[in-house]
Amino acid sequence: MTIDFGIVLGFKAALLQGLLMTLKLTLVCVLLGCVLGFVVSLARGSRNWLVRGVSRGYVEFFRGTPVIVQLFWIFFCLPLVLGVELSNFTSAVIALTLYMGAITSETFRASLKSVGREQLDACIALGLPRWTQITSVILPQAVIRAVPTLLSNCVSLFKESALVSAVGMADLMFIGQNISNNTARPIEVLTIVAVIYFVIAFPLTRAVSHVERRVLAKLAA
Amino acid sequence: MTTSATLQLGNTMKSVASPLADTTRSAALPLVKVAGLHKSYGPQIQVLKGLDIEMKPGERLVVIGPSGGGKSTLLRVMMGLEEIDKGAISFDGKPYISARGDGRKTQIDTAVRREIGMVFQHYTLFPHLNILENLILAPCKVRGESRKDASERAEGLLARFGLGAKARAYPSQLSGGQKQRVAIARALMLDPKLMLFDEVTSALDPELVAEVEQVIMQLAGQNMPMMIVTHDMWFARNIASRVVFCAGGVVVEDGPPEQVLGAPVQERTREFIDRVFHIRQ
Amino acid sequence: MDYTFDFHAIGQNMGPLIDGLVMTIQLTIAANLVGVTLGFVIALLALSRWAAVRTPVMLFVEFFRCTPAIVQIIWIFYCVPILFDVYFDSLTMGVIALGLNLAAFNAEAYRAAIQTVPREQLDAGIALGLSPIQRIAYIVLPVAVRASVPVLITNGIGSFQQSALVALVGVQDLMYAGKFLATETYRPIETFTVIALIYLAVSFPVSQLVEYLERRRGAASH
C-alpha cells in the first residue's frame, strides 16, 4: 500500500471539531482543577483530622488509580449512584477535574512547603499578623513557585483528555479513530492525530522549563 | 522628610560613642534582662544552660564565642522565634518572654516583640516584593500606616543607605551587601527600640562586608541599642560598648571590649581569642 | 439513591480478576525492563556530542512525552503490523507500546540526574587524572543512577496505571476483566470500585516508598 497523507485533508473540518472539543475540555478542567487543587492543598494542612484524612484519601485515590478507571467509574457508576442522567461532557468534566485537582493539590502542597522557614522568621521579626503572613508572604511565593508544575499538569491533562474517546466522547482522538476505521487508513490518520497533539503539547513543555528558570532566578533571594 | 525614621537617623556618621558614655547611665533601668535561660533541641542537645545577661539602654552588646555556643540561639529567643525550656526575659521594664515548663508553649508578649527588630544572616527579604514593598509591608499591615506615608519614610531611609535608586528593584537584582542594607532598613521602618544582628556579614563576599558594617556603625552613632552576634573581631572591637563571650550555653566573660578582646580574664576566653587572632594573622 | 450494593457477584468472579491482575503485573514488569534499560541507552545517546545522534533521539523522547499514551498504543497496534509487516500477539504489542513510552520518560529522568552531578566533581576527576570514560563510570553514573531511582519508581507506577489502556485494544488485563465483569454481572459500581481499589492497593505502597526515599535523601543532603 502507498502512504498518502493527502486523504486526511478531506477530514480537516471533523478533526478540527474534535480538537476544539479536546481544547474546551482541557481548559474547563484546568480551571476547575486548579481551584479544587488549591482548596485541597489547604485542607491537607487543616487542624481537623477528618478534613485532613478525607482530603488525603481523595488525593491518594486519584493518584493511585488509572485515569481510565476513574473515567469509567464516573461515566457508568456516578449516574447510578446519583440517580440522575449526566451528559457525556459533564461526566468528562467531573472525571478530569477530579484528576487535575488531585495532582494540582500536590503541586500547591509542595510549593507551600518550599517557602522556607527563614521567610516565616522574617515575618515574625517584623511582627506581621498571621493573616498577613499567609496572604502577603507565603501564598504569593507558593503560587509563583507552583507555576511551572501547574503548566506541566496542564500538558498532562491535555494528554489524558484523549481517554474520553474510550467512553464515546467526540474529541480529537475519537474522531481520528472513527476516520481511521472508516477509511482503513490508520497510518495516515492516526499519525496526523498524534502530530496535532504533539504540536500543541511540545511548545508547552518547552515553556515549562523556560518559566521554571525564570521563577528560580526571581526567588533566589 | 520629618518622619520619625529619618529623624532617628538624622545626623550621619557621628563617631561611635565611647563606652564611658554608657557608664554614666548605669543607674538607669536595664533595657533587657535575660535570666536563667535554658533551651534544648530534643533531649540530647542543650544549647543554652542558664544564660544571664543584662543590657542597659544605649549599650551595644557584641556576643562572641565558638559555634554551637548558643549565640545565635540567644538572639532568636530574644526575637521570640524559639520556644524556651526555662527562664524569662524582660524588656524595657516589662515582662516579655517566659517559659511555662511542662512542654507548654513559651509565653511571648507580642506587643513587646514589636519593639525589637532583627536582621538575619541570609537577608530573608521577600523575593516576590520589590524593595519598597519589602519596606512598607510591615508598617502598613502592623501599624496601619498609609501606603503613601510609609513609602515616603522608606524612600528617605533607602536614600540614606545609598539605595535610593533601588526602590523598584527586586531582591534578586541586588548584591548581597545591598540586600543586607535593605534588610536593615526594613527592620528600622518599625522604629525598634533594640536591634538584633545575627551574623549579618557572614554570608557576604569580603568586599561587601564594609558597606553593611558602615550602616550599622551609622546606627550606633545615633545610640541605637543593639545586640550583635559576629565572627568579625575587628568589627566587634569597633562597635561594641560591651562584649560578652558565650560558650557552652552560658556567659563565660562579660566586660568592655578592651578587656574581653584584648586581655581576657577567663582562660576559656583567652584560648578562643588567641585562636581567632592567630588564624587572622 | 436507590441502588442496592451487592458485592456477591464480584466475590464469585474473583478468578478472572486475578488472572487480569497477573496479566497487568506481567505487562508492567516487562514494560519496566524495557523502560529502565532502553531509557538509559537513550539518555546516553541524547547527551551525545554529535547532533546526528542527538536530534533523532531527542525527537523520539519528545514525541512520546508530548502525545497521549492512548494515541501511541492505538497507533502501535494498528500501524506497526502494516508498516513493518510483522504480527505479534497482543501482550507483546502491549509491552512494546508501554515500554517505549516508559523509556522516553525514564530517559528524561536519567538525563536530569546526570545533569545534577556538579561540575566541580568532574573538575576533581580531571584534576585526579581520570580519563573521560573513567569519569563517567566512577563519578557520573553512580551519582546519577542513585539520584534517578525515585523518579524511575514513580514512572514505573505510572506504567502500571497506564497498562490499563491496553484493555482498549483487547489485552486481557485487569481493566479488561473489569469491563467484562461489569457488563456480565450488571454490577458496574461494585466491579469498577473493586478494580480501582486493586490498582490503588498496588500503587499506594510503592508511592509511599518513593516518598520515604525522597525524605531520606532530603535528610541526608543537609
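Points worth noting:
As written, the chain order gives the labels A, B and C, with residue 1 at the start of each chain.
One rule holds for everything that comes next: contacts are C-beta pairs under 8 Å (C-beta built on N, C-alpha and C of every residue); 3 or more make two chains touch, one makes a residue touch a chain.
Remember, it's a predicted structure, so these values are computed and weren't measured experimentally.
Note on connectivity: the fewest chain-to-chain touch steps from chain A to chain C number 1.
The chain occupying the central position, as judged from C-alpha centroids, is A. Here the spacing of chain A and chain C, counted between their Cα centres, is 19 Å. If you average the CA atoms of chain B and of chain C, the two centres end up 54 Å from each other. With centres taken as mean Cα positions, chain B sits 47 Å from chain A. By the touch criterion given at the top, residues 1, 60-61, 63-70, 72-73, 76-77, 80-83, 155, 159-163, 165-166, 173, 177, 180, 186-187, 190-191, 193-194, 197-198, 201-202, 205 of chain A touch chain C in their complex. The touching residues of chain B, when paired with chain A in their complex, are 76, 79-81, 110, 113-114, 116-118, 120, 122-128, 137-138, 141-142, 170-172, 174, 179, 186-187, 190. Those residues of chain A lying in contact with chain B across their complex are 118-119, 121-122, 124-129, 132, 136-137, 140-141, 144, 217-221.
Every residue of chain C that touches chain A in the complex is listed here, in rising order: 1-3, 62-63, 65-72, 74-75, 78-79, 82-83, 161-165, 167-168, 175, 178-179, 182, 188-189, 192-193, 195-196, 199-200, 203-204, 207.
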